[in-house]
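Notes to accompany the following structure.
When the chains are written out, they are named A, B, C and D in that same order, and each has its own residue count from 1.
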Amino acid sequence: MTMRTESRTLLELDAVRKSFGGVAAVASLSLGVPAGSVMGLMGPNGAGKTTVINLVTGMFPLDAGCIRLAGDDIQGLPAHRIAARGIVRTYQNVRLFSGMTALEQVLAGCFLRRGTSLFASFLGTPAARAAQARATEHARHLLARVGLAHRADVLAETLSYGEQRRIEIARALGAAPRLLLLDEPTAGMNAQESAAIGRLVHELRDAGLTVLMVEHNVRLVTEFCDHAAVMSFGRLLVAGTPAECIAHPDVQTAYFGHSADAERIRALR
Amino acid sequence: MDWLSDTWAAYQSTLGFAAVNAVLALSTYAVLSAGVLSFASVSYAAFGGFLGAQVMLHAGIGPLLALPAAILAGGVLSFLVALIFLRLEGHWMALASLALVLITRVVVLNAPALTGGVNGLSIPVELPIGVLILLLLLLMLIFQRLAVSWYGIAARAVREDPAVAASLGMSPRRVQMIAFLISGAVGGAGGVLLAVMLQFLSPDTYFVNIAFTMIASVVLGGSYHWAGAVAGAAVFTALPVIAQAVVPAMQDVANGVALLLIMIFLPRGLIDPRAWRRRRAARRRNA
Amino acid sequence: MELFAEQVLNGCALGALYALFAIGFGLVFATLGILNAAHGTYASWAAIAALAATERLGLPFPLAVLAGVVAGGLLALFVDQVAFQPLRARGAGMLAALITSIAFWIILDSLAGFATGQQSLSFPQGSYPARMYHLGTMPLPAMQLLTIAAMLVATFGIHLLVRRSRFGAAMRAVGWNGAAAALGGVNPRMVVLATAFLAGATSGLAGVLAGISTQNVSFSLGEGLLLKGFAAVVVGGYDDVRGAAIAGVALGIAEVITAQYLSTSLRDGITYALLLGFLLVRPRGLFGRAGFVRA
Amino acid sequence: MRICWRMAAALLIGGAAMPAAHADGLAAGDYRIGFVTENTGPIAFAGLSYYHGAQLAAEEITASGRLGAGVKLTLADKESGSDPARAIQDMHQFIADRSILATSCCILSAVAGSLKPIVLGAGMPLVIFGATAPGLPKPPVVYSMTILPGPKDVATAQHAVEVMHPKTAAYFVSADNDAFKARMAAGQHAVEAAGVKTVGVVSVLSSDTDFTAPATQAIGYAPDMILVYTTQTPAEGIIAALRARGYAKTIVGNDVLSPATVFKKMGATVADVPFPISFSAALAATPEAKAFVAAYTKKFDAPPDIYSAQGYQVVQFIAQGLHVLSGKPTRESLGAALAQIKSVEPNVYGGEPMVDGQAETKDTVIVAWTKDGAIAPWPSGK
């Protein structure tokens, strides 16, 4: 794994806080995601990882703090504007649109880069038709990229779980994001499929995309990610390289209980 | 030949009402297809209908010329309604729109200058059924264009999952606002067409009954494709006529039972693109 | 002043009918997620059943009311099992249920018309308490007092049932999420059946009392209650019994006072405008809390 | 304009054909009247009565052979549920059915308003049985057998004032029914002209069911007399509520109180409330009326009411038109023949002149229910 040197931070969370009914899901979190890298966000269940993604994408308003994308404050913007700024996500439990084929799902993802106005598209002007054809072509290309070209016209909900996850990633890529947020992209996948996702993430990074992925699996984080951050009870425990993070004693405690237990687990390996 | 012309004469008005109900159902479908259950189409129809009627009566112009005025009236009203309603959550929006239907009748009763009040309004204007059908075909073409356009894609996404749609850069509010405007324009048109079909408007013309006709047409026909609204309106209009011919003594009961059976066995309606796709997928798997 | 007091009492009694009806309507909406257009027919049929019990079987007043209430509950149970259960089993949404409820509305209204010979019937004199009590010179009709008392008992009873009992907890759990309730050891099927029965019985009570005090037992009885009960649910909130009750009574008083001091033709207009205004200012009803927003 | 010319031509032809008519008589066969029923829906209680009256008349005429040997008069009925859209479809089906010579319809003015342009366009004779909106009849196509209640209300109000000598009066009116608003205005005008002060007007709506509050309001005005100008169900409810709250002075009703079902429902509560009546089974005086009451009671197991009488007269009127025609009559010739009728014969009213397509009755009989359910002239003992 090569460590890349980053000149700048693409996403920056500054003292972000969010509570639900008095329980702090995220408590004063500060974190930076370097541009052009893959960062893994780790932590036990309920640590607040998914909440971070929800906050960044504008699904919930912040209680306090600040979120910046490439230096611009994006907090308080509605979700669709944040998407337009280049932040797109996938979901922990796959959320595809019911009734749509695989291709239609990805085409819906291409909405932001449709290249024509809604009205022109309704009228079906030659330019709008051409743009729509391009978008469809692009959607096919994205499906092919996640290895599902042959599934384009199949109702997405009839596909396997792993295939649905890949459609969701293709849909997110349709929006041509700068920052891709993946919420447990390999959940429910076998080793082979997981590895394919890892390769895809690396390809995307190499093409200039920044990726923040929530991932439980310590092994996958070390394999896929350039950076890692570990959360526990809504706070940042540690950030750094994956190896640094995993070695950190607090992480050991958070993940495996008392460090003594962790020692024993390591010994068993 | 006589038989043919007699049948046509006997059932042309049924066809006409089916077409008008289809227009009204499309108005309800327009918002439903963007994830909003709203009965406000009744109010757009009332505004468009009464305004169109007044235009025809006073300016002495035909229904085709009154149509733009009704479309505009419905559109303006739907814009105002959307401004208020889009703040409400799903269930409450449905309830609020039903309340709006109830208010519509009160307003109609208390605005005699526009509506004729309790006396109602006689509109001695005719529109050939053929023209009505042509108008419906034009409207169907418009809905087909909408469905395949980027608006249609966004509306489907917003309907299925507004949060995901937003995270893909679609503004649910904007999409639903457009849906309301379409609903209002189509509803206004439907209102004036109904006025011409009835040739007489009373405060009860645009009330709860027609709200249920609209929603039942859409759901019966299938609320996931515009063709569902048209098919549903045809079936819903024809059902009472068939019931009357087959079991005159219990026609309302028969009508209700037919409706019940269709919905229980086809809860997603007569026209259901998802079911077709599923069947196709199943066939492919078996093949 | 006495006229005002009399009219407020009239409004309370009228509103108590709206409230009783609204409680049943709201229970179904909150727990089963169904906008039930057939709900008004439960009231009509309960009144018809109570009248039949009085006239055909010669039952005394309390038993006749009970017969009507049970009839309303059983009818609701039947409609639920025929019109809604198949849709629930298939996971179809609330839209399909709205249409099957419209179907049952058409069917039951039509049959009620046949049952009453398309007439508006009334309970025979002497079959219900018709005494007039007096507070000073102010008349207090027995039926009005009875109606208000019935509403209070039903409201508190159902409120306690929903908020304090195990069954109520199960009801709320089903309303929140049917699947989750099943995991928690609640039998959703039983909860659905019991809720349907309870809702039908409450609205049935409203129907019987309305049929007696307005001297109108016909298929049109339910429709009037449906529209006003619906309004009460919107103002009061569908997930809280107390809200629906308070809103129903307030609606009754507002109607009567508007008619007395302003204008009858504006009466419904003012009621519904209040309703819409209320929705905008407080879109979750009197006791409603901020809803759970699905991300 | 074209339609008018066609009508005029038809009228001429009809007129010319008429003398020959008596000689030949109608060809044997089935003569059908399209009857748009309102046997379900909000006003079915009246709709059924109209329909029963018409049914009886058709059967009697067929059985009597009055129109000639082998001439059958039958009703083809289609239900509308008082819904204009359904009524329009029914009417188009009747018009398309060549065996149908004339039609009858409508209690609600909105339905009549929708059907009128259709029958005018098709030249299909239409006899309205219940709608009261002014200006509906338009010979030679549209006729009305509805007995308009306005003049009778005025006579009743005047009579009540003469008998009871009230100083003040209050009124109930159906605010969403223009016919009743006009009737109240006429009644109030007559009462005020007799020197009685108006102390209050209470409006109710046709769909209202609770009348305790309006009754409280009216009693609050402390009137010597209360006049009720509303549709049937509200009128019943208002009178019951007024009496229940202890109002013991004069209440004046209107013709909606006349059906026997009203007394059956209300009992002694409605006793001694005067109302005008155009037809009453109890007061049937002429042989025609007595025969009608007897036959109706036998067939339907209940006495006829004002609605049955109007339904009965619809078919009698159409038969009267057919009677002067010969051979195979057309809709146009029937319409023209109906236009010639100056007085409906036979009738159950003791006289029913036709004026510009509108049936009228001569006398106003003012009656009230007695405590034991009979209809007797009011005030009793005079």
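Throughout what follows, a contact is a pair of C-beta atoms (placed from the backbone, for glycine too) under 8 Å apart; a residue touches a chain by one contact, two chains touch by 3 or more.
Keep in mind it's a predicted model, so treat the numbers as computed, not measured.
With B-D and C-D as the two chain pairs, more C-beta contacts join C-D. Compared with subunit D, the chain whose C-alpha mean position is the greatest distance off is A. When every chain is represented by the mean of its C-alpha atoms, the one lying closest to the mean of all protein C-alpha atoms is B. The centroid of the Cα atoms in subunit C and the matching centroid in subunit D are 37 Å apart. Remark: subunit A and subunit C have CA centroids separated by 49 Å (rounded to whole angstrom). A straight line joining the Cα centres of subunit A and subunit B is 42 Å long.
Each of residues 40, 175-176 in subunit D touches at least two other chains. Under the contact definition stated at the top, the residues of subunit B that touch 2 or more other chains are 109, 163, 252. Across the assembly, subunit C contributes 110, 265, 268, 295 as residues in contact with two or more other chains.
Residues of subunit B touching subunit A in their complex: 145-146, 149-151, 153-154, 156-157, 160-161, 163-172, 178, 224, 273-274, 277-278, 281, 284. For subunit D in complex with subunit B, the touching residues are 40, 77-79, 81, 83-86, 88-89, 91-93, 95-98, 108-110, 113-114, 116-118, 121, 133, 175-178, 181.
Against subunit C, in their complex, subunit D makes its touches with residues 39-42, 44-45, 47-48, 175-176, 202-205, 207-214, 216-217, 220, 232-233, 236-237, 240, 244-246, 261, 265-267, 269. Contacts from subunit B toward subunit C in the complex involve residues 32, 37, 84, 87-89, 91-92, 94-96, 98-100, 102-103, 106-107, 109-110, 163, 208, 212, 215-216, 219-220, 223, 250, 252-253, 255-257, 259-260, 263-264, 267-268. Residue ranges of subunit A in contact with subunit B, taken from their complex: 57-59, 78-80, 83-84, 88-89, 91, 95, 97-101, 104, 107-109, 111-112, 114, 116, 118, 121-124, 132, 154-155, 158, 171-172, 174-175.
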